[in-house]
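By letter and in written order, the chains are A, B, C, D and E; residue numbering begins at 1 in each of them.
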């Protein structure tokens, strides 16, 4: 049985369907890139994986467990923005990754010292020790995202969800972040889902690239159908993908990927 | 004598020098791309060209005229954001390009009809006639910038200044905007200055690519020197640039272009 | 001032001043004003202190006020004022009310709610003198808006209030309320008058005549006991938010001078000087005469017989029977 | 499930909304009952039925003396004062706020001054206002104006300053004069903010109105409340309080609606 | 050059800042002179020298009767009431505001209620407050609390809602409970806003304080102003008004400073 199981998931907001019949199996340690037109429901799918929302129909299971009701430590997340706490220093942000799960939300005395020492090790690994005492607002965008990823990993999640994590960064910084992320992954063997707007990035980082799109389309009521996974590319062979259409009748559909 | 003359321009904010000894000659109809590290003074240089600010030393002349004191119709501008008026419809935004120069700031009666007709022609040319009655906020980022450029051109400026006009757009839209801009330029033969973060974009669109950087550097006080034009590339031969160092002693400087 | 033909009087609600409202609405004022070829506008204000302030600032030619407030605000502020009409004195209208079985002498240590620096305050001071106490012996004097006096008395932390009618009669409806002292114990000391600007009056005798004539015509009507008189009283009662009975009981505690003769006798009486000196002392003691006042005698008061109390060189308050005498003589 | 993630259902939602209102009403009824049981003539907490009767009387029956229905006259008088006060304040705030936001000279001249003036507690200067403006309508309107204008000026000046400078520069490159920029670029963008500024100012405006009417008036909602306070007519006071609350609510709502109608572009988005 | 691009020089700037203050002072001096020429004992517009003398006396000389320097006692009494009122209001606004912003249940329950309550004009319910809380300190503090809390609650609830949801979700993925989220994520980010909320509320708080003190008190800045109105002691009133303005200014400044000190991360940026 696969690690992440998505079974016949639908998501509807009010009367408006966003996702339809989404099915997916992901093995532990896979890196899944998700692409698709703007507004097609990529972030929605990530919210479902995160258990921030419950699907209207269907279920998502991790490791065969009951579907989660709300976000928790087994699912880490990094958004494009607002993924670190602006009122904590860089070091405190890392410590929070451990301390937030304890009742008072903070460590005291010796436990605090120890946590800070561990945080400093983490900062070393993600290359932020030189700004340990600074507030996030004084960091560049790239450093902030590095911190956000580091913080998420401190909680040792079973899957890591990234929603356009590098969307706000300039191209150079972006390349550095790719290296950073690949390096971290090599070390941890995490299962990762990453939404991106950048196809190149998706193929470069992912083992698989999922394309979300609508399979049905009513020109008069563009909102009447939801999107689903229309392509599932194997991207392991370093940029030479071969494609596996998930819905056979889609092979000739002209507007897939045109967005 | 060249069309745009920049003579020994310095700009200082408080005690902090931003630009130093900037000299430049640009012929009528040239497309000048400007690149450089973040915060090095590219936008400042554009503000000086725009006459939004007066240089601390030196002078900028267009067509040999007296240095301008403040922005006016001879200098058009498009910023990354906020370049159109959100409270006017698309058509009104174009009409504003004509009407703002008249005392009451708007047309009445027949003049209004005529201006609207002219605006509709312009909208046709920039491909926005189908949204003539919409407000800018309902347009995509690309359409907004298209409108901003169209509006600037309606005033028939002698030079057009663009400050990262496509910085907020996604890669696909960006390519479309390049085509749009090149097409417009072919029609009008404008003199254009464009600041960009994207070297590729700079070389693709520009006839010349100027690099701004500091020529002197004090590691303890990084703010003690200003930037100037360190390289002036000829980019006409379609991406096969040859370089013209403007300051001979710079040829071995290692950190140029490393930003 | 100079000669003019249009005048404005300000008045506020009080049992003894209700006739002013009637004089205006009934047309009696217009009748007398027409006779002298002038106009007199009688305006009701709902804040007493503000009305005196406005008069002092020059917005009105006359205002209804007590002898005490006239001495402190306009006279103290250099606005020479004459008591054109001495209408009544409070004869029970102002009272000290306590909760439960408490005597005047027991006030020591208690806090007292009243409108500070008003005639209530003066009444309290006079009452304490009689039992050899002073304000310092009280727990506190808490300035309380007259509008809240009834509600205040209902709360537990209020033990003693000093106030005036119609509040007094409403508060006394409470079975727990006892009156321990009232203005009938110091008759003639709280005097309600119409004060007018002395200069204006001097330059415009017609103004004095018309107002005096209108006032005493109304007084006669009120005292007549005729149906017309009762109708007038009813109208005044309604304007003061009560009925005829209620208003009559308020009047019972008000020593109205229904005839010009009574008013003249009171004004010319010897006790007035004593009262004014006592009032001046009270005001000085409270610092109300202003820090420019070196002594209680800072402001001079002139009496009908030409006598003065206080600083004869700074007479700013005058009791003058010229016009009332005309009413007595029927020469208006 | 975490408390922050628990959402009430439809029925529960409706019940929850009503809960605090019901609690207040119940508390009142009980307290009123207790007091009325002890003293049937108690005026402090009249029975709800009594308040209703009074309300009905106030809204429909004329005054004995003049035959006028006082509540409507009071409302009219108060609303007029409010309208004048808020109107004058809005106009001056608009002009001065835009001037301060746009013109460096005006900014220099008025910024500190308005900062200081806005700290003056208007109620403390009430006696001064009465003396300057007399006891008529002017003083009441003046108190409202004095009370709310400084804050509104600051608000609008800040909003003017917040208009992206790029837009002003763009207008300049289109050849716009200062006046055209003020009228065609700044004014339309500031107007929606003026309306929310008015909405914010209405609370204090009511306050100042009531304070002014309490001291000197012959008609008006605040005047009536402070007048009948003398007789402890809580039934009248409560009716008036509820009526004022309702009026305030309606005004707020109307302004919000107006803003959405007048400025469609503020709501528009992709 | 356009007016909007014209900037005053240094000397001109200084002159411009002083201009409106000088204008007001001059107007006063002239008006005062005219009145004093007509009536040297005029109390309405005392000469500046006279005000200065009075101020000096008020700040340094004791009361004839008790020997206490009343101004300081008044100040202390008023500031205590203000501190209690604003303190209680802040605390309840913080708790309720955060609850409403964070918990859907609390939001449902209180949102409409507070919307309605914030429309009730506090001055109109003043009589009711006096009856419930008596005439002592409690009622005065209560008026301040009733007057400013609803607005503060709404403000803080909105700010809580404005915290990017991403941050809350991130905290959840770190295993934070609702309480930890409230205390470690929301509270620290709301506190700076609480301070600006307090700064905004101080104006109305002064207002309510003065209104309450005007009605029943034996000490306090508002009490004194309304008391000496009884004999038109404008010199005292003006001294007190200037003093209150100064106090308000200092408080505002202190809070701004405090905010910058306590929350260094708000100012921090690249």
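FYI, a residue touches a chain if its C-beta (ideal position, glycine included) is under 8 Å from a C-beta of that chain, and two chains touch if they have at least 3 such contacts.
Just so we're on the same page, UniProt names per chain: A, B = ATP-binding cassette domain-containing protein; D, E = ABC transporter permease subunit.
Please read all numbers here as calculations on a predicted model, not as lab measurements.
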item	value
Common touching chains of chain D and chain A	B, E
Maximum centroid distance from chain B, chain identifier (CA atoms)	C
Distance between the centres, which are taken as Cα means, of chain E and chain D, whole angstrom	18
For chain C paired with chain D, centre-to-centre distance based on mean C-alpha positions, whole Å	39
CA centroid of chain A to CA centroid of chain E, Å	47
Mean-CA-position distance for chain C and chain A (Å)	84
Residues of chain E whose C-beta touches two or more other chains	2, 44, 127, 131, 172, 177, 214, 226, 229
Touching two or more other chains - residue numbers and ranges from chain B	70
Per-residue overlap in chain C, given as positions that touch at least 2 other chains	53, 57, 147-148, 151, 154
Chain pairs that touch, as defined at the top of this document	A-B, A-D, A-E, B-D, B-E, C-D, C-E, D-E
For the chain A and chain E complex, residues of the former touching the latter	50, 52, 70-73, 75-77, 79, 81-88, 96-97, 100-101, 103-106, 134-140, 148, 151-152, 154-155, 157
Residue ranges of chain C touching chain E (in the complex, touch as defined)	49, 53, 56-57, 69, 72-73, 76-79, 113, 116-118, 135-136, 140-145, 147-148, 151-152, 154-158, 285, 287-292, 316
Parts of chain C lying in touch with chain D, wherever the complex brings them together	44-47, 50-51, 53-54, 57, 59, 146-148, 150-151, 154, 167, 170, 238-239, 241
Interfacial residue positions of chain D with respect to chain A in the complex	1-2, 5
Chain D residues touching chain E - in the complex, by the definition given at the top	2-4, 6-8, 12-13, 16-17, 19-21, 44, 102-105, 108-113, 116, 118-125, 127-128, 131, 151, 168, 172, 177-178, 181, 203-204, 206-207, 210-211, 214, 221-222, 225, 229, 232, 234, 237, 240-241, 244-245, 248-249, 252
